[in-house]
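Once you scroll down, you'll see the structures, which are given as structure tokens.
Paired with subunit B in one complex and with subunit C in the other, subunit A is shared by the two complexes that follow.
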Partner chain A sequence: MLDIATLLGAGLLQAFEPLNLMMIFVGCLAGLFIGAMPGLGSVNGVAILLPVTFLVPPTAAIIFLAALYYGAMYGGAVSSITLGIPGASTAVATVFDGRPMAQQGKADQALTAAAVASFIGGTISVVLFTLFAPPLAVFALKFGPQEEFALMVLAFATFIGLGGDDIPKTIFSILLGLVMAAVGFDIISGQPRMIFFDFVELQRGIGFLVLAIGIYGIGEMLWTLENTKGEVRIHAVSSTWKSFKKNLSHVREYLPTTALGSALGFFVGTLPAAGATPASLMSYGLTKTFAKDPDSFGKGNVSGVAAPEAANNAASTGSMLPMITLGIPGSPTTAILLGGMIIWGLRPGPLLFTDRPDFVWGLIGSMYVANFVTVALNLALIPIFVRVLAMPFTILTPIIFILCFVGVFATTDRMFDVWLMLLLGLGGYLMRKLNYPVAPAVLAIVLGPLAERSLRQSLISSRGDVMTFFERPISLTCMLLALALMIYPIWLNVRRRRAGATSGTE
Partner chain B sequence: MKYLKTLLASALALAVSAPVAMAEWQPRKPVEFIIMAGTGGGADQIARLLQGLIEQKGLSSRPFIPINKPGGSGAEALRYMQDKAGDDHTVMMTLNSFYTTPIIQEDLGVDVTQFTPIGLMAMDTFLLWVHTDREDITDLDSYVAAVKGAGLDWKVGGTGSGQEDSVLTAMMEAAFDYEVTYIPFPGGGTVAKNLIGKQIDSTVNNPSEQLAFYEAGDSKPLVQFTGERMAAFPDVPTARELGVDIEYYMQRSVNGPPGMSAEAVEFYTDLFQTLFDSAEWQEFCVSDGLTCDGMLKGGDLASFHASQVEAHKKLIAQVGAGAITGE
Partner chain C sequence: MSTRSAELLMAAGLLLLSLGLMWNVTADDLHIGWVEGRGPGAGVWPFWLSGGMALASLWTLVRWFRGATPESRNKAPYIDGQSLGLVLISFAALTVMLLLVHVVGTYIATALFLGFYMRVIGKHAWRSTVSMCVGMVLLIYFLFEWQLTKYLPKGAKAFEDGFLWIDNFRWQYLM
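Right after this comes the complex of A and B.
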């Protein structure tokens, strides 16, 4: 314990060196803007800015890149809330309630919640990281394909409760997402499959961003246009010191959610297979399932913004763990960090903690400081972000349409995906019109490939015996939790209906 | 002082390379550096090291962006490159699935001999690894005995059906007359992690994928599938020494899509030649057990590819495509 305190102290001192402090500040600021631009993800941002890091020592370099990653994680929330387009997969769950809040003129409150939740998530997870990194690394090793699959089932189960009352429609939506996730190459045999109409372009699969931007950018816009006949004014938000204080006083409402989301996010983030996207989705699903007022979610509940934001920041810290201790990056961005480490002559692996404590603890120290810098920057910039919403609808809508096109084209570089996005956007609009929840489909396209791979790996290794998921303690626990989560909303429904029948409110 | 030195050195490097480079073809936008395997594996580590060196040495006016396309044992990446025919801003880090995947998946419509060869950066090697806790396994004989005892319960991890490690696994099955269960993972790094976590029993990882765990005492190599013992592993016997006729290497070459323009090919060839000759790369080769005797390029690399395609066709016919794809 004392050891950790000494090492952390040294790490913090390192983070406060002028050069490192500057790196944190610049990194957070750059990350914020990179994350907020749909299409310019943190992957490109980190890759383009990698050369900057060769001018400074390795510790300052990784601090810079980690701060950039942090900033980008929050930046995604900015475009999710103000524009309704998730800039990255990690920010999808933030759209669910962030967008409705912006439409109700509460964008500043949503952005404050995102900033505060991110700060809490980041801080809780870096504390957990400090205290339990080595034992958690050992735990992560226990996660084989069976456990990964059980975790995915758990993630899907949290979403059964998401569709409101209509569980069959939720399941349909999940299945639709799974079908789209299966397009491309079979992950085991490598054969092309589900290539609809023999479009060669489909061999590359349906990208997650293509679907998310289609549904939330295009679909949502069409829906709003139809409902309001183009006459909406998205309420401009006046951002004053008084409203800021009022927003901060709301923190108490979503504090429990945030703490739960943070712990969950960190844990899911440390597993090499998962990462920040499933973490934020699961956090959202759980929060909704166990909320007192589940019906208010998706309509602008502030807890619905805090939960995923806490989880995705916590997970981004968590995903540093497998990178440092196992050399396995949890996300494309950490993969580039890994590349940087190899160039600096640092080989990530079990020995890094003992061989280069200055590097590891300098990084951990910087995470504490980066959290403070990000939250300060974010809160200070909210008045600028909400300006976007002051634009008249007739100007903002075309801009969002253009951003959708550019965002998709920039990530995949092909027109085919742009057309596909439009088509999926239309599909999303129709689903919305028919009262089908779209979020489960988005969840399924993200988690589908992970679930399929781990399912098939498990079944190959058990030679087809499904009992393998129930024979291992961790996977059994996840499976039982998943079962409970699936039954809970159904049971609630039945009870509510029965209560309705007896009181005779027909 | 140290920063100043680095700054000066990079400025100097720029000053030296810039005037020469100005006259030639230069990329006009970021170059996609495709990796036909998952993150954390050998190809991934190499591509990311090279990308970093390109930036560090200021070899390209536009950044190289590494993109992993591991789907379908590299089929996703191959198809992507085929669709990029004539593009001057895409290059790919390849491995042996460059040869095997198009042979096994005939519908793919990819002929790799049409791709533009740029440079062979290294030949990588394979070793047979087990967890250190397997005290009953000390050499090849005790390994074979343990596998035969376990039968199909013996799990070998690899990076995908038709990938080089599945070819090597099939070769071993044929040589020792046993059968194992082969489980594909998305990359060499994940395979290594699953060996250390005891989700699988053995693997034929490349040295770079296991090195961190080997140094920490978590895994041990039993055999190396090389002609001679590598400097990095002087105490590990080769398969040949033990009377088993298996010698297998992994090529690590950089290639462009079909029909890349001659000017671009020249630019990339020079760039990778500079990287190949750099002290950093040569050091990496030694520490990670790679053979880097001289960079094959142009026509030499094209005929190397052609002969490798033929060799793999024979190999696959010998062990049977079914043994590799697990059908």
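Right after this comes the complex of A and C.
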């Protein structure tokens, strides 16, 4: 316990170093802005801006990206409330009560509630993070390749069991990402694999950023263009110091809800397939179920804004727990962060705690500071963000496209990858329109090389005996959980069909 | 094209892609099984996972024929007619920009793209269009070329030579 306090102290000190503190400010600000823009969320921001972070050392870079992740969770609420369009999928549940509140002229109250709830959610989850991360990392040190592989299977199984998307399409998306990761030279035999049409450029493989920026930059913008047609309507927000103080006095009304949502969000956030969006929806649902006045939800109940906002912030911190301790990202955004860490020359996983304590604790310390910075910036800048939201898409869209192009080129130095990004972005957009989930593919391309290596290492050491995954207790547990997750939706389907059949005969 | 036909086409296309990937692995003479004394062959991972992709696509096809997916019952157009134009023109402009990068280089291409999008699609005033274009070009130059020391594409020889003037100026007076 004392160890943690010392390390955390060092981390906090590090967060206050001028460069890191500046990164927190810039990251929070960029995140708030990106989160508030309809169609752009944390994952888009992190993917598009990752190439720019090569300007600063890795610790400062991850602090920037983590702050951006954080800020985007706050920012999502702004457009949910003032536009009635979720700024990111994570803020969908905020629309339910945020929009009615704005229509009743209580937009400022909703925005304050969102900011305060986000702050509480962020703080509770970062404390949980600090308590859980070190023991989990120590535990994970015992992992061999079998456990690593089993854990990745479990991560992908959560998409099948909990993702809620069409199952064959989810499986396709996972496998596509894993296969794309195999392009290039084989790590063990050194043979070239899948060099399509003899493109020399493919020998270096397909970088995860090429796919991530293609899907979350190009594909996402095409999707947004189609769905919003660039039209938005803004609700007026008037905010004065007096109304602000009055709004803060309402905090007591939604405090219990917020605390519950925060804890829920943290744990849901650690699951790779779940993350902030389902966490916020679950938190909203639970709050409504247990409320004294469930009928008032959807008509502008302030708890309906606070609950999902607390949960989505807590989930963003929660999703970093498996990324830092196990090397398994808890969300698409952390998948990109993980890929970034590999580019920076760090090996994500439990060893990070012993090898690079400055990196890990600097990040944790920055999360505490980022929480205060974001809530302050958010409350202070609400009027400005509302004005920024009125920025026409004809300015934002080309800028995003240009950043995608320059960003991909800057990471790989090849126009080939830029064209590949364009192609993958278009493909991702067309597939997403048919309900193929894209997040599993991004997670898979990041984890693919690690998964293949751990599978082959395990099989070599067991001389080809697949039972090696079922003989060790931790890997057995992961495998059984994964199996259960994969069977669960099928069982659910069968049961539903049987129920349908019996009700049909009656 | 309706969403219904689009799903059929997509699933069939992805099935072909998966089979193509499997064929590609075997055509490269990679081992797709156990290699005695060396462990799993280099082709195991891509071959069998592509096989899984093929099965998943088949599964989607079966679900399509049985009308099990919502998309297979959806007769609405695949891409909404009203916004199809906007999506197409944005994608086309982006493609043209990337083509231009090979000819006139990053800076002129991005400026032209931003200018086209703001002026023609967005109908913004000339003043804001031009200032955004200039600002964007300067930002890219400062951030990527200067701070990250990336050599962004400069296009054909004539344009690349022209750029030397700017780089020389920077090295001589600003560094």
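FYI, the second predicted complex is superposed on the first by the 278 of 506 C-alpha atoms of A that agree within 3 Å, B and C clash if a C-alpha of one lies under 4 Å from a C-alpha of the other, contacts with A are read in each partner's own complex, and residues count from 1 in each chain.
Definition applied: a contact is a pair of C-beta atoms (placed from the backbone, for glycine too) under 8 Å apart; a residue touches a chain by one contact, two chains touch by 3 or more.
In this text, all values refer to a predicted model and were calculated from it rather than measured experimentally.
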Partner chain(s) touched by A:L430 [first = subunit B, second = subunit C, both, neither]: second
First, second, both or neither for A:R347, with subunit B first and subunit C second: first
Subunit B versus subunit C as contact partner of A:A410, first or second or both or neither: second
Partner chain(s) touched by A:V466 [first = subunit B, second = subunit C, both, neither]: neither
Touched partner set for A:I384, first subunit B, second subunit C, both or neither: neither
Contacts of A:L480 with subunit B and subunit C, given as first, second, both or neither: neither
First, second, both or neither for A:P192, with subunit B first and subunit C second: both
Partner chain in contact with A:P168 - subunit B first, subunit C second, else both or neither: second
Subunit B versus subunit C as contact partner of A:K142, first or second or both or neither: first
Footprint overlap on subunit A, comparing subunit B with subunit C: 54-55, 186, 188-189, 191-192, 460
Subunit B to subunit A touching residues, read off their complex: 2-3, 6-7, 10, 30, 39-40, 44-45, 47-49, 51-53, 55-56, 58, 63-66, 68, 71-76, 79-80, 83, 101, 104-105, 107-108, 152, 155, 160-162, 181-186, 189-190, 192-194, 196-200, 211-213, 215-216, 218, 280, 325-327
Residues of subunit A touching subunit C in the complex: 52, 54-55, 166, 168-169, 171-172, 175-176, 178-179, 182, 186, 188-189, 191-196, 218, 221-222, 225-227, 229-230, 392, 394-395, 397-399, 401-402, 405-406, 409-410, 413, 415, 418-419, 422, 426, 430-431, 433-436, 452, 455-456, 459-460, 464
Residues of subunit C touching subunit A in the complex: 3, 6-7, 10, 14, 21, 24-25, 28, 30, 34, 38-46, 49-50, 52-53, 56-57, 59-60, 63, 69-71, 78-80, 82-84, 86-87, 90-91, 93-95, 97-98, 101-102, 106, 110, 113-114, 117-118, 121-124, 132, 136, 140, 143-144, 147-148, 150-153
Of subunit A, residues touching subunit B in the complex: 43-44, 47-48, 50-51, 54-57, 140-145, 184-192, 200-201, 203-205, 272-273, 322, 326-329, 332, 335-336, 338-340, 342-343, 347-351, 453, 457, 460-461, 463
